[in-house]
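Listed after this line are the structures, all set down as structure tokens.
What follows is chain A paired twice: with chain B in the first complex and chain C in the second.
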Partner chain A sequence: MPSPSTKKDPYLPSKIYLYSSLFWLALGMIYGLILSLKFLWPNFLAFGPFQVFFQYGRIRPVHTNLVLFGWLTMANIGALFYVIPKLCRNQLSFEKIAAGTGIVWNIIVLAGTVALTMGFTTTTEYAEWPLWIDVLVILGMAAVALVCFATIATRKEKQLYVSLWYFMGSLIWLIGLYIIGNLPYKLLSGVPQFLIFWFYGHNVIGLWFTTVGVGLIYYLLPYLTRNPLYSHKLSLIGFWTIATFYVWNGPHHLQNGPIPLWLMKAGVIPSVLLIIPVWSVLANVFGTLKGKWHALSRNTPLKFLIVGAVFYLVTCLQGPFHSLQGPSSVIKFTDWVPGHAHLPLFGAFSFVAFSFMYVFLPKMLKTKLYSNKLMEWHFYLAVTGMFLFAFSTWSAGVLEGFAWIEGAQYGMQFVEMLISMRPFFAIRAVAGVAMLISSFVFIYNLAMTIIKANRNSQNEEISAG
Partner chain B sequence: MSGYEDEKSMLPYIIGAVILFFVGTAGTTYLPFYDDQMQAPNQNAELRHLSVESSEYRGREVYIREGCHTCHTMFVRPVLADSSLGPISQPADYYYDAPAMLGTKRTGADLMWVGNRWNEDWHREHLLNPQKVLPGSIMPRYDYLSDQDLEDLIAYLMSLKPSPQTEGRPVE
Partner chain C sequence: MSRDDEKINESSTVEPDGETKEEEPPVHSVVEGSGGFRIGNAKVPPFLIVTYLVLAIWAFGYGMMAVPLNQTAETAADGEAIFEQSCLGCHSITDEPKVGPGLEDVHLKYTEEELQLILVNGIGEMPSLPALGLNTEQIKAVKDYVQTL
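Entry: the complex of A and B
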């Protein structure tokens, strides 16, 4: 934040985003834990005004929006503002606008959280915020895109590195799909509208969080391993196939549902073809690591990066499988789905963001990380939490799916099925605790790094003065 | 690095990203509006076409406000897991639904045709204290709703019924 020094801080926009993202991460994770506890004790926090403002149906979107747009989007933009000038060998253009959007983005997340708590929702998953907030989001994202594209346009390094392709694509796609996904929700209707909801819901993961995350993997990996990128050709294949196939994925969310057959095919075939981009990324990751695997044992940010990349692979092998009629008829609508959704967002791309912040936040502050031991703790707690969450929800999901097939579809039979899922819900809550603690360890570690760096710079000024 | 001349310009990436995005968008979000099955409402859709002044419409607003759609689907598929939920959902059923709430997660039961399943009194008891009616249920209590909201919500839930034609019953 603003230091007494008169020198301009080139990383200020990036810092505003990254610092804020830590706050929203903490809040979003707390909401997540409350949700998981409500599976065990539905009357948890159900007293006084809390009964309304922490009612499950209201806070589920609060949780998803906080972690998606408060935490991961802000972390991503913070990373873009740092990485793009590095790859272009120049300074961030329109620094003031960039810093301004950081403040606007915080207001947006706060306003959205309040609106959802009050019960104003559009029901569009991951786009529940009301229309007036959506307008601000689009203006904010347009400003972020302007900053990024202007920086790339005025670059001193002619060659566009693969990360920059992903970043350019992501910025264009996010704006496009956010506009389409947030068309006034009472304007359209019926199944075509629901298709738009899932066009948005799926693509915001695939064409924003995934593509920025993959761009960051391509930046971090050679940096951390000090190996050149394994294959240029693979990165080309990966980029153009994800750009071609991902956008078609929405209809598979209506698998076995009320949509025409042609549309189902148009949704499922590209879903299966998505194995190509994910495998080309992973082949590139493993190729780049060749001869450097030993570095994993000592380098915690690299651990985060590689485990994140592997989680990305697992997610994208699951996805095509889910989109098929047979598997979908068992696991769709069950607890398998949140397990699958947490894997890319917490497992894969939050891990990439953790890795980025551990490496580059201390660099921006010209200092060292406060504690490597805490970073190691964060890693193991986060991985344990992710595994517990994934396996408890996947197991519960399959069992729920087969219980429905046996006839437990409503009334007391449905409830009996839920009661038998309690052990899995308990494991999921434990996973929530582990993930929450891991995030607090992360936040504490970076907060101490920031505080110590600020203290040092003040001392320097005093001694210099 | 000199071998990649085409990677020195931003244009191929920008143009490529935009074109590929719009092709997929047109295919999955625009074309469906022009599919025959989406074009006309059926009898079920007419039953779900609520007038803004009706109690059912206000109930639907309560349903949205309280986030019922986060746990309840309205989406009956031709699969075994949905076999006792009632008639299979058709695109035309949802013709007037804005927003369409087909849902993604069944933490509670599907509500597509819940109006056929219980009566008003059951819903009232259940909404006020789900655990009393269904011991072990993890649905929250909705005893904080105003009487008006509660009755509207019940009216909406009771309106979620298939038309006689859909059920193969004679039309009155």
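Entry: the complex of A and C
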């Protein structure tokens, strides 16, 4: 390994990813708010060219892709590039490639957003980007995986800490999933196509965002509490059971649909068995927290982390329950689903990313966070927003589901049912505003931290020179 | 790159005021792990073992015994009964018109698709069947019955 010059910033790749993720978060949240306003006023922004570029069908995938691949994936990779060398006690390998992938990833997200806005889509949920962008994604992720695995291979630490298992697994799984998930729209049709779509759609959450997030929880929690990790055995159980059961989650999206019974069972049983990894991880989290609960009151990053872990638990109590035939027959296709989907992605794993960035971004910059008060505001606004969003969509979803069973699937009854959901859509929009403001507070806080740190280092250089 | 700022056990992240009281770790034996982390070897809590067992038994039972929802639903809707309740006020089952036309040989007049459209959307004065509070299964039963007239 060539020894990098000491003057170079070892955190540059990580910084490129983390700074970019802040930008995409801002953009993604704005799109989210526009979407929630369209539920209240369907004609919102419906004039001139906006009528085309901001129609619901286009901005919905723009929103999901921006927050999933622009914000959370970039934040995750930025965290990987920081945490992996720390756990291996060495430097990031191939730093230039690592930094380069950061720039490529930004181009990918931009190109994907433009393509979706222009109306080019593959209609695969979370994989709407056109095929040529998918090729870039695979190459980019392969480069990221190369950097991470090379770093781990040259480690100066014998033992592989739990987080590293999760990270290595996630990097392999994401590439595999992405290839499998993005091909069938050309190769398959009908039910098999949707089976693969949902194999991808559910697993990109479960084997990338979840597993990187859990790996980060395992890193942040002992760090923030200064407690030893509670149980090695539990982390082993958690890792291997999520690796075994998660990939089988796809078919439960076609529950009660045109798939054979054995496939339904093959989807439902592992979905329910996911209780094993989730409860094992959570038992490990609470075990590690033992004796340090008092720290929660004053340590805001720890608050984000623990509330994130609790949201993860709640999501994964819902998930197995949804996958069963009865509940699925009510809530499928209703507003319940976006409520459930926001819980892991915004509630759990964005919270973990927030926690990571609050703790380690100032460390990379050798400075202190700009404002602890703003961090508190971010926390309370984000939690409030998440609760309002979740409960408004869940209530609306259950009401819609039963109304449809009663016959309100057609004609005027459907429209009447939709109109009667307006109060819930209004709460949902308020939640959107709270989540948007909270994110902007977060971005402002970190931007000010970065600006102040850069000013300080410039001053130091001048005084040193 | 020095790791001075990364001595996890000495940093005062728990108590921001700088107070660093050592507490008894909540697990019995602790080994130094990588990256400065200590790893405990607590046993799997009993409630989790019970959970694992219950889930394993459930999974086996579900795999053996689950049947699709539409096989467990209450007996299929009775088209004739629904017709008598909801349609007979306006339609006779002979070719004699009442408020609406008589429905004898209606299957010759309309194809199945056309019938489906009429039942779901209504036609002229006739309300749609969903508006009468009938669900998909019931509408299908009515359609099947009407076609036998």
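Basically, the second predicted complex is superposed on the first by the 458 of 465 C-alpha atoms of A that agree within 3 Å, B and C clash if a C-alpha of one lies under 4 Å from a C-alpha of the other, contacts with A are read in each partner's own complex, and residues count from 1 in each chain.
Throughout what follows, contacts are C-beta pairs under 8 Å (C-beta built on N, C-alpha and C of every residue); 3 or more make two chains touch, one makes a residue touch a chain.
These numbers were taken from a predicted model, which means no experiment stands behind them.
Enquirer: Looking at A:333, would you say it contacts chain B, chain C, both, or neither? Reply first, second, both or neither.
Expert: first
Enquirer: For A:410, decide between first (touching chain B), second (touching chain C), both and neither.
Expert: After superposition on chain A, A:410 lies in contact with both partners, chain B and chain C.
Enquirer: Quick one: classify A:247 as touching chain B (first), chain C (second), both or neither.
Expert: First partner only.
Enquirer: Mind working out whether A:160 is in touch with chain B, chain C, both or neither, as first, second, both or neither?
Expert: Both partners.
Enquirer: Could you say whether A:295 touches chain B, chain C, both of them, or neither, answering first, second, both or neither?
Expert: second
Enquirer: Residues of chain A touched by chain B versus by chain C: which partner has the larger set?
Expert: If we count touched residues of chain A for both partners, the winner is B.
Enquirer: On the A-aligned overlay, A:275 touches which partner chain: chain B = first, chain C = second, or both, or neither?
Expert: The answer is second: A:275 touches chain C but not chain B.
Enquirer: Between chain B (first) and chain C (second), which, if any, makes contact with A:256: first, second, both or neither?
Expert: Touch partners of A:256: chain B and chain C.
Enquirer: Does the superposition put A:370 against chain B (first), chain C (second), both, or neither?
Expert: neither
Enquirer: Once chain A of both complexes is superposed, is A:379 in touch with chain B (first), chain C (second), both, or neither?
Expert: After superposition on chain A, A:379 lies in contact with neither partner.
Enquirer: I'd like to check the shared interface: which positions of chain A are touched by both chain B and chain C across the two complexes?
Expert: 158-160, 164, 232, 256, 329, 405, 407, 409-412
Enquirer: Per the contact definition, I'd like the list of chain A residues that touch chain B in the complex.
Expert: Contact set of chain A toward chain B: 38-40, 42-43, 46, 51-52, 55-58, 60-61, 119-125, 149, 152-153, 158-160, 164-165, 168-169, 172-173, 176-177, 180, 185-197, 199, 207, 232, 240, 243-244, 246-251, 253-254, 256-260, 263, 266-267, 270, 329-330, 332-335, 337-338, 401, 404-405, 407, 409-412, 414-416, 418-419.
Enquirer: Can you tell me which positions in chain A touch chain C when the two form their complex?
Expert: 10, 86-89, 91, 157-162, 164, 219, 222-234, 237, 256, 261, 264-265, 268-269, 272-273, 275-276, 279-280, 283, 287-288, 290-292, 295, 298-299, 325-326, 329, 359, 363, 366, 405-413
Enquirer: So in the complex, the part of chain B that touches chain A is made up of which residues?
Expert: Against chain A, chain B makes touches at 1, 4, 7-10, 13-14, 16-18, 20-25, 27-29, 31-33, 35, 37-38, 64-71, 73, 75, 77-85, 89-91, 93-110, 117, 130-131, 134-141, 144.
Enquirer: Residues of chain C touching chain A in their complex?
Expert: Its residues touching chain A are 1, 3, 5-6, 8-9, 11, 13-16, 23-27, 30, 33-35, 37-45, 48, 51-52, 55, 58-59, 62-63, 66-70, 120-121, 128, 130-131, 133-136.
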